[in-house]
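Each of the next two complexes has chain A plus one other chain: chain B in the first, chain C in the second.
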Partner chain A sequence: MPTVIVDGQEIEIGADERLNCIEAARRAGVEIPHYCWHPGLSVVASCRMCLIQAGSRNAETGEVSMIPKLVPGCQTPVKDGTVIVTDSDLVRDSRARVEEALLIDHPIDCPICDKAGECLLQDYHFEHGQSERRADIHAFTSRRRDVGPTVTLFVDRCIMCTRCVRFTREVSGTAELMVSARGAKEEIDTFPGFPLENKLAGNVVDLCPVGALGDKDFLYQQRVWFLKKSANVCGGCSAGCSIVTEHNQDTVYRLKPRENPHVNKWWICDEGRYGWHHLHDPSRLVEAGRREADGFTAIEWADVVTQLRDDLKAAGRLAVAVSPQLTVEEAWMLCAVARSIDPEAFLAVGHVPTIGDDESFPGGFTIRGEKVPNRIGVETVLGLFGAVAEDGTVPGWNELLEQAQKDDVKAAWVTAGYPTPDGSWCDEQTAAAFDGLDCLVVQDLFDSPLSARAHWRLPAAGFAERAGTWVNCGHHAQSFEQAIRPPAGVWPEGRLFWNMLGRQGLYDPSGVRQQIAENSAAFAALAGDLPATGVDLRLQQLAPN
Partner chain B sequence: MTDLQTFQPVLLEAVGVEQGHSLESYRSRGGYAPLEKLLAEKQPPEVVEMVKSSGLRGRGGAGFMTGLKWTFLPKDHPGPIYLCVNADESEPGTFNNRILMEDDPHQILEGTIISAYATRASTAYIYLRYEYPQSWKSLQAAIDEAYAAGYLGQNIKGSGFSLDIYLHRGAAAYICGEETGLIESLEGKRAWPRIKPPFPAIEGAFRKPTVVNNIETMACVAQIARRGVDWFRSIGVPADPNNPRDPGSYGPKLYCLSGHVEKPGCYEAPLGITARELIDGFGGGVWKGLRAKAVIPGGISMGLLSEAELDTPLDFAGPGKAGCLGLGTAAVVVIDETVSIVDFLHNSCRFFAHESCGQCTPCREGTSWSLRMLERIRAGKGRLKDLELLAEIGNTMGMMPGSTICGLADGAAWPIKNAIAKFRDEFEEYIKQSNPTGYMETDPVPALPILSAH
Partner chain C sequence: MKPNDPGITWLEEKPLGLAERLYLPLFVQGLTTTSRHLVSKKNTVNFPEERPAIGNPLIYRGVHRLNRDEEGRVKCVACFLCATACPAHCIDIVATESPWEDREKYPESFQIDELRCIFCGMCEEACPVDAIELTSLLDLTGKSREEMIFDKEKLLSVYDMTKDAEPMKSAELGGTL
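After this line comes the complex of A and B, so read on.
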């Protein structure tokens, strides 16, 4: 195995790994500061913050010969015998000088800057900078201009790392951003008439190491040190991007991508990034209601657990729509509940909204047309319960609508949870299919023509309010934690199903996941603790037992 | 060492000749015959060997061995190889390429064709500086003549070798003279120099192997083909036997003499002529009977020679021994004793702050900070401490300390370093006189509003 020596510490790297000095040093626990380098973008080696000393150790004599000048760590590949020195006076002085240079034109307006607290310029200056400002120059003012509908630029905070420019050229492929002017007067800008307007635009804000690019959606909403971070998965489409939900006091403030080499690399789309506002929509359903003569009457959840079962049992033949918004665990419990009420219950995948085709970008990122996160997970669960048609397909929404219109079907339980505040996912005509039933249970985030017909109207939980596992379009399963509590009065679906199954204590998603994994080959990969980046269900199935 | 008295200019032989820039005149002086002979008799590796053995070093500034550079091209490369001729002559004080392009464009074309043949390039680009409209006209006219005469195009003179030359006009930026900046600009991008490796010989223009050579280098190649390797090696300074890394400085060189001399101009002399010989022998001495205070040896980025150092030979090794960056473009600018060295340095810093491409932090901010410091010094707010800061910027900015991608920062640093090291007394005197109450101040002073920099 090739050996790299980082500050005297020997570490081994993989035989066919191609690492630069920053990555190799990170393996040894040594952080080489850098601005312009990003693993997902091309190397420009222009910020010069990662300057280090490098050399090589002769394999036979053990003699170390160093390159006589500083080299950029991002541009210098490591191989067997590479020696990296990051703690010499030369390197320290160089970092202090780069920090000093970057601050010459920087307005240092941290108190009013949204980036403060997560700013590399702050962090690196604290660690590597010098305490005295030697340049007696008026810093520029904080000029601000919009570069697009969602992104704003604080021109003078920019340190010209050009990550954003490279992102629009290499990943989104739209190339809206550019560098204008020259020398210390250069600025990031857009071409006249071509604002930064693409479906991945928000990523440039995450890429910006300083406070230059701001997301208008998040700007001045919250200080970043108040935010708590939860590892989540985006529910916007079937790509299932890994995200971090940043929230404070049960309010979500922003979503950011979470690095996942199997799914979304470092990026998410704007649709997903801003797709959390429905969680705090005032029109959300927050009360379990049972239809009485004059509309819905609020009912305690403890009573829902018992009475819902009784109502459905009394009605007769049951058809269930298992929403692709539900987690694998919830779907499995729902099926178990349904079959315990009616052993012949008809199970189908709920409505799967699709908008357009999959859209791919030059950097390899794809936005899926299928706008639900867990169709494949739910289908697999239904397969476990034998809910498979003769041709091997799992019944879907259309089959459920057919069933609902049959005479012998007396009850339907539709789980939905679609993030459409106007309830437009189900139109009047579709909802009319459920008209003749004795008992219709609808579990949704918002009112819709369907919930208007319901005998039981139950509120659902949003994506950040539940924990569990989703399986994306590539059969990649990711477990995630609950970020925030749902609004008062809302039980996440899993809690209801757990109680309806008569289980004791609090709903335990990972316990349910273990149970599913132990009892099915299709989900065997979900056993044990999952890595934060998830597992591929198909790969694990091929492994011998 | 060639005797100056008997030295005959060859690169400039067309200067002053009636219609010297025409194909007819060039042919009458023996031009293009060597090309035809060489195409007929020599294989490309032999031409490379010829240039290599002549000891020709690049005339653009860095002085890299031209023949050696050609051998870095990959062998048996299946795709195209490009030859870029750097005519983005933007180093202050330099105008020798302009003379060649305007007065003897066919000499350049012949050299380019030979070089393309040697490097197996079938496309050559001449990257011309925007500010040279006359050169554009004369070069384009010469290219048209050469096409018509069959020296360019398909199957040149029945040799089976084909070459197209495109004349590309830049948009006026100093950084386009850096070879990878030139390539980026040629590709239609912002001229930000590339990180190396890969070097252009492996991956250059349009991601293909590329050689970048200076206009004067091309003229030298034409003369080597015409007059032979031995003639070329008989001129100049032989390699220092005590320094194995010195390849010598052979051949004639065009020196651009300007500034405070009686007769400024472009003069051809053997490499190794001293600055004093050049100023007194060709330039008629410092003007108005004054003494020289300092001399820029090869373009502003090479630093300064003091009057005491004027006997430094202007070959590739000479200026370095006197603390300068190198020979550069051999643009000798004379500064007489009436000039304030503070003003000189301010002007130099203003140029580099304006021309820094802005890619690397140390250069972008260092050039701009040094300019603003000099503006403050000239505004009567200088402090002795500023000289330490300036020297620190000068010592830490550039390719040599490793803090930048290209050599522009070295060029910006050298005048600062040299001026402060060689004229420190004058700086201190200036600061003490202009700021008698505050020159010893070391605390950060209140910031001045930004003065107009460019």
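After this line comes the complex of A and C, so read on.
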């Protein structure tokens, strides 16, 4: 195994690994500061913050010979015997000089900068900068320029790391951003008439190590140090990107990508990034209601638990749409509840909205056309309950609509939870298929033509309000935590199903997950604590137990 | 620590001497103190007809004010540092983009719950632009809790009321501008 010596500490790296000094040092627990280098982008070595001393140790004599000048750590690959020195006076002095140079033209308007608190310029200056400033401090307001519909550029805050420019060239493949002028007059800009307008544009804001690129959606909404972070999974499409939900006092303020080499690497699309506004839409359903003569009457959840079961039982044959928005745990419990009410209940996957085809980008990122997060997970759960047609396929929404129109089906339970505030996921014609049922239960975020026909209208939880496991289009399962509490009066689906199953105490998603994993080969990989990046369900099935 | 711990030194009360047992000397001693205060200068004032002396008004920690800049606009840049520093969580700010060319961000709403405030002065310390200051106003009254939540206009009016008597904090007093 090749050995690298970082500040006198020997670490071993894989024989086939191609690491640079920053990555190798990180393995040794040494953080080399850097601005322009990003693992997902090409190397330009322009910021000079990662300058270190490097050399090599002769394998035979053990003699160390160093390169006589500082080298950029991001651009210097390591091999067996590479010696990295990051804590010498020379390196420290160089970092302080770089910081000083960057701050000469920086507006130092941290009090009004949205990046303050998570800014690398702040962090590195605190850690590596010098306490005295030789240039005059002249605080000023940064010039501001819109570079696109979602992103704004604070020109003078920029340190010219060009991460954003490289992102649009290498990952989104749209190349809207460029560097105009040269030397001290360098600026990030767009080509005239071609604003930064692509489906991954929001990522440049995350990439920006300073406060130069601002997200208009988040601008001035909240200071970052007030935000609490929860590891979540995006529900926008079946790609299931790992995200961090940043929230405060049960209000989501922004979503950011979470690094996951198996799914989304470092990126998310704008559709997912801004796809949380429906959570705080005032038109959300927040009350469990039961149809009386004149519309819905509010009903306590404790009564829902008992009376819903009685109503469905009294109606007769039951058909259930298990929404692909539900987690694996919730879907499993819903199926168990349905079968306990009617052992012959017809189970089908709920509506799967699809918009266009999958869209791939040069950087390897793909936005899926299937706009639900857990179709495969729900299908697998239905398989466990034997809800499989003769040809081996799992019945879907269309099969459910057919069933609902049959005479012997008397009751239907449709879980939905689609993030469409206008309720457009279900049109009048589709909803008419449910006319004539004795009992229709609709569980959704918003009113729709379907909920207008319901006998029971129950509110659902949004993606950040539930905990559980989703299985993405590549059979990759990720567990996530609940970020915020749902609005007052809303029980997440899991809590209702848990209580309808007669279980005691609080809903425990991981307990349910263990139970599912123990009882099925398809979900065996979900046993135990899952890594933050998730597990592949298929790979684990092949592994010997 | 238990009562029989060797580290404890137990002290016995001294037995009373003759003078103490006679009671009269102590009686005279107490009466002397009382009479001295009867004739000495009084610190009590007839508030609110009379105002108490408060020392240097520039460093007194009374009711807050929001300062104005040269053009009469609110000086605050809505950085939230006062709200972050506030140990009583009594400051609530809603920030937005400013309508002015030369300013980027300003507070759309700025509220201080004066009943919740503990008048520690941390907001004043934290402010990077000397926008929030504590004045020497000490009689803070209101008829309802709502009335005691001071909004931006109210805080600016406190500035208008006190700006002549108490100029903005100068550099000598630790101000940055």
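Here, the second predicted complex is superposed on the first by the 539 of 545 C-alpha atoms of A that agree within 3 Å, B and C clash if a C-alpha of one lies under 4 Å from a C-alpha of the other, contacts with A are read in each partner's own complex, and residues count from 1 in each chain.
Methods note: contacts are C-beta pairs under 8 Å (C-beta built on N, C-alpha and C of every residue); 3 or more make two chains touch, one makes a residue touch a chain.
This one's a predicted model, so the numbers in the text were calculated from it and none came from an experiment.
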**Asked** In the superposed arrangement, which partner chain does A:D109 touch: chain B (first), chain C (second), both, or neither?
**Response** second
**Asked** With the two structures laid over each other on chain A, which partner does A:S142 touch: chain B (first), chain C (second), both, or neither?
**Response** second
**Asked** Of the partners chain B and chain C, which touch A:Y220 in the superposed model: first, second, both, neither?
**Response** second
**Message:** Output check: A:A45 vs chain B and chain C. Expected answer is one of first, second, both, neither. What do you get?
**Reply:** first
**Partner contacting more residues of chain A (chain B vs chain C)** = B
**Request:** Going by the contact rule at the top, pick out the chain B residues touching chain A in the complex.
**Result:** 173, 190, 192, 195, 353-362, 364-369, 372, 376, 389, 396, 400-405, 444-450, 454
**Request:** Name, in rising order, each residue of chain A that touches chain B in their complex.
**Result:** 43-49, 51, 67, 69-72, 75, 93-94, 97-98, 101-102, 104-105, 132-138, 159-160, 178-179, 181-186
**Item:** Touching residues on chain A, where the partner in the complex is chain C
**Value:** 109, 111-112, 141-142, 144, 219-221, 223, 225-226
**Asked** So in the complex, which bits of chain C are touching chain A?
**Response** 77-81, 84, 95-97, 102-105, 128-129
